[in-house]
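Below are structures written as structure tokens.
You will see two complexes here that share chain A, one where it goes with chain B and one where it goes with chain C.
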Partner chain A sequence: MRRLLLLILNELKMVRTALPIHLIAVFQPALMYLIMASVLVHPTFEVNITEPTDDAGKRLLEAMYDVGSPDGVPYINPVFLDDNDPIGAGIVTVEEIGDQPTAIYRYGLIDSNIVKNLRNRLTAAALRVWDDSLDGRAVTIIERPWLPHDPTYNLYFGMAMLPMTTFLAASLIGGFLTAQEFEFDTILEYRLSPVSPAVVLTARLVRLVLISWLSAGILLTVIGLLNDVWPASILAVTLILIPIALVGGGIGISAGLLLRSSLPAFVIGLGSAFACWILGAAFGLPAGFSGAYEFVSRFVPNSYAVELLFPLYYDTTIGDSIRPILALTIFSAVALGLAALAYRRRVLTCQE
Partner chain B sequence: MKRFRILLSTEFKAWRRDPITALGGFIPPTLILIAFGLLLGGRLNFKLAVINHDAGSYGEVLRETLAEVESPFGVPYYGVLELSEEEAWETYRAYRIDGMWIIPEDFSAKLEAGNNPEIEMYFINYNNDRAKNHRIYSAEILWHFYEKIGQPAPTIELAEEYPRSEMVHWFPVIAVGVTLLAVTLGGAFNVYALTYKEQISRLTLEFGLSPRSLLWVLLPKTILALLAGIVTGTAFLGILYLWLGVWPGIYLWAVWLLFGLVALFWIALALVVGLRARNYMAGAIGAVLGALLVFFVSGGLNLWRWNAHNVNWFSWLFPYIYAVDPLRDMILFNAWPVDWKSALTITSAFAAGALAIGWSFATRKLRRMG
Partner chain C sequence: MESTQPAVQVNSVTRRFGSLTAVNELSFTAQEGEIFGLLGPNGAGKTTAINLITGLLKRHDGAIRILGFDPQTQAREVRRRIGLVPQDTNVYTDLSGTDNLLHHAALYCADLSGIEKHIETMLRLMNLWERHSDPVRTYSGGMKRRLALARALLHDPLVILFDEPTLGVDVQGKHVLWEHIKKQQAQGKTFIVSTNNMEEADTLCDRLVIIDHGKAIAMDTPERLKAALARDVIMLRTTPVIEDPEDLFRGLGVQAATYSQADQLRLEVTNAESIVGELVARATTSHSLDSVRITRPTLDDVFLHHTGRALRE
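What follows is the complex of A and B.
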């Protein structure tokens, strides 16, 4: 135990030898979140419109202001354009076609996602006008949302970045440090050491978990300050992120041991961290996407971490917690087993 | 010229020895492309259960309408699932479907009598974007439902006009963004690959002591990294052709030109970092993560031209945003970009400025070490 503590202490002291890399791994995800949060989707879209002159157009415009969420977030921000202004994504004009007032959306682009968003908003506004004319024959939709309010997309996005942040820090630093042992020939010390490989790897993993926590902690603080939402239990968040740090650390250490060069180890750490992030519920819960995505996400640890983090941020569950805990345990065991095997191959038996 | 050829050949031999780093521009973007393909390449609709208690016929018409009305993605807004009421509640509560519409027993009767018919829409709203979609999708459904059951004509009809006959979907838009990311990373990683061994073996000291101009050292690295970036991008174009059936055709030369100009910017940046002995890896990691960040916020995920006023200041500092939409024009639509001149001028200025600064900075650093 004393040896382990000394090794952990030594690992922590070694932070000074690669301080800039630690700083990048710790702060970069929070910076990335801050910048991405400023460009993420917002329910309010600007809809260009020629200022209406007739009654139907004016009613449509009024309805545009009414389209929104019950929380008071408008979905349409009408922007008046003159004839000579560039239309950007498109422009709505209300014209008489065969005595029938018609709202024509002249799109400036053919991006299906943007067209969908703009079309839906115009239809929602025009439906309100239609409903007003139907008296009692209009169909009312009674909304029964899952949560009492609509949380912002930024909150989900940030929450799903927590596992990625943890993974990235552990895999980058784990891969880099381990590869450097070969580049600077300090691996010889490990080869000559009488200390059990389990103790050496544990010390390194403890360090990686601590640094990952620090990175995730900074991101968690930024998410909290930006959205004014904090997880129900910080302790639970830190526990959930341990297996992710172990997986990232295991992959990073394995890459460093097998490739023995910092740059390729970095490529593997970076690629796996970002792929696991995107495939692991980065932009929404996997059930909300295609069957193929949902299937593949089951093989990614981040998905299970997001499943466990979800109740802490949303005060509601999405299935039982046994399955994700079991899955994360298996992922960690596999990654650690891989690191132990790589260590045995490259350090203990010195296979080139 | 002979000196240049020798140095180029030496660099090329060194480059071949580190295939994983040489593929650094290829491996992460490929993983990202596959991930986005799985995320957005499938059916983009809401899984919905419809519980129809209606004693009349309108409930069934509404259910049919839900399954029929298509979004610009070319699929219905809702994928209606055949589930019993019990199954529907169970899957909804476990969040395996996005929503449930419950049509009450008196729906048709109230509709016929003009007595304010209602339906209940249960939906998952863990983020405001999905909640918004549920609300505005429902408007599309009701609009078509009204038309189908012969409600009195709408006060305002709707019509649409498009600049092109075809629609471009989200994944192809992102795929071109990832291709430009691959070019960027291809250039940057290969500069690191070409300077890494020199860092480890302290060859940079010898460079610093060289009596000749250090451009002889920097030029071969720049050219090799540039070629690597363009080759990486071209390999991605091949993937795009096989996966999505898109190819720039006669505009390939222009695509290569923009690839090269964007790559040169990052190559120059990477050179500055790559030839610094201290904090080499930190610089490399920072630059590569920076390139990824630029991809995510500077038009990599969306067409930005229509939304230029919402682009943040950070994005304008890098050439990526100026090149990505013109590339989409050429790769996805085989169309000449309307802003070609400005794209070319700006990316050329970025490349020239970055190279001038990068080369002189790298030279000074090397001389100082020498």
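What follows is the complex of A and C.
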């Protein structure tokens, strides 16, 4: 035990040997999240309008204020513009088309997804106007939200980044430092060591898990401060991220051992972390995407971590937790097995 | 059991890299408490031999035993008993001297109790204690080599393999390092030292094997190797340069005459003192004598004798 503790302590001291990589791995995801959060789609759309003068226009404006998410976040924020405003083309106006008052919204360079979002929101507002005009024969819409509360998309995006930052820190540092041992020839210390490779690898993995936790902890804090939502249990989040750190660490160490060059190992660490992030429920639960995406996501550990994290952030369940725990255990075991094999081949075996 | 075994036995070991035979049927035995040298020019196969002895590299033929254990099949037993100081000082330069030794201790020392005190002792022994907490990148070349030696000795190995001990170390540092190695030898340690430095081999090694193109060409104590040449060297510098030394010095017993530098004639003779007077007399009849110097054979002469090339070439 003393040996393991000493090795872990030494591993932590070795942060000094590649400080910039550690800083990147620890702080970059939180910075990236802050940048992404500032440009991500916000649930409340600003819709430029002119002050309505007729009755239909006034009723539409009223309905715009009413349309919102189940927990009350408004979907439309009407912004009054002058008729002479230079961006006047981007306003909602009510015009008579075929004797019918028609809401017209002219927009510029926005993608089909935002068109859809705008259309949905304006349709909802128009539906309310129509509904009000039916008097006693109203169409009743009962909204039953799936989630107890409806936080912004920023929260999901940040939550799905937690496994990514964990993976990234472990794979980046694990790969870079292990390869660096070959470049500086310090690997000789390990090659001739009589100590069991299990102890050596455990020490390195513990270090990677600790640094991954630090990185995830910073991101978790940023997510919490930005959204005012905190996971139900920090301990549970910590435990969920362990297998992800082991997978990232296992892949990183294997890359470092097999490539023996820090730059390619760095690229592998970075690439695998981002691939697993994007394919692993980065932008929404896989069930909401195409069948192909859903299929691929089953082979990515991040999907299972997100599945376990989701209830902690959204106060709901999306299935049993046994299956994702089992999947994460298998992913960890495979990654660690790979690292152990690579260690045996590159460090312990007599060079051919 | 270990005390009855030679420390290192290398028996007809061969290692090839493709078509190149880096070590060719190399054999030698180093006894316990001996400093045994592998002397040869760069590329002679010394480092390959060290890597074969440690078990880092697979041999293609022959047998190696370290204190009775085969480094290939009994790697862990061998690793417990050896220490290696590689040619490139592979220390963590961003860590302190103490931290480097702590790392090594965790990887090598069987007993970690009191390790901090032991590390202090080793660093004091190598005159490094005053800088023990400084990052190694601030150490001089000699200090780094001493740290590497301290590290190799930390787990109390019986056999230490030292690849080019004083490569890149200044003159003062060399002597300090040799002194440390000698002190460790007095403690019963066995050293296998690879070097291309004649002075180092001469000063440090009890016995040595001269290697060229991976093959052992001579093996004995430095004194005996030199004595076996049974000749002295007279270095003669004249103006103009003597162009036909065989003719001029005929009958004086000159065994070989070569130019070590453009204007310096190098004459190999059986006994320099007995003929130097006559030799100078003959030379000054037709030339002006600038300098004359008698030298005893060096290991370079031994190498030259066996290979026809100087060790430095």
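As a working rule, the second predicted complex is superposed on the first by the 328 of 352 C-alpha atoms of A that agree within 3 Å, B and C clash if a C-alpha of one lies under 4 Å from a C-alpha of the other, contacts with A are read in each partner's own complex, and residues count from 1 in each chain.
The criterion applied here is as follows: a residue touches a chain if its C-beta (ideal position, glycine included) is under 8 Å from a C-beta of that chain, and two chains touch if they have at least 3 such contacts.
As the structure is a computational prediction, the values presented were derived from the model and not from experiment.
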item: Touched partner set for A:189, first chain B, second chain C, both or neither; value: second
item: If touched residues of chain A are counted for chain B and for chain C, the larger one; value: B
item: Chain B versus chain C as contact partner of A:155, first or second or both or neither; value: first
item: Partner chain(s) touched by A:200 [first = chain B, second = chain C, both, neither]; value: second
item: Contacts of A:14 with chain B and chain C, given as first, second, both or neither; value: second
item: Which of chain B and chain C A:264 touches, first, second, both or neither; value: first
item: Contacts of A:2 with chain B and chain C, given as first, second, both or neither; value: second
item: Touching residues (chain side chain A, partner chain B) in the complex; value: 18, 20-21, 23-25, 28, 31-32, 35-36, 38-39, 41, 43, 56-57, 59-60, 67, 69, 71, 73, 75, 88-89, 94, 97, 100-117, 119-124, 126-127, 129-130, 132-147, 150-153, 155-156, 172, 176, 183, 259, 261-264, 266-268, 270-272, 274-275, 278-279, 283-285, 287-293, 296, 310, 314, 318-319
item: Contacting residues of chain C [partner chain A, same complex]; value: 51, 54-58, 72, 75-76, 79-80, 82, 84, 86, 88, 90-95, 99, 102-108, 112, 115
item: Chain A contact footprint on chain B (complex, rising order); value: 18, 20-21, 23-24, 27-28, 31-32, 34-36, 38-44, 46-47, 71-74, 94-98, 111, 113-133, 135-140, 142-143, 145-146, 151-164, 166-170, 173, 189, 192-193, 196, 200, 279, 281-286, 288-289, 292-293, 296-297, 302-303, 305-307, 310-312, 314
item: Chain C partner contacts - residues on chain A that touch it in the complex; value: 2-3, 6-7, 9-10, 13-14, 16-17, 184-186, 188-195, 200, 348, 350-352
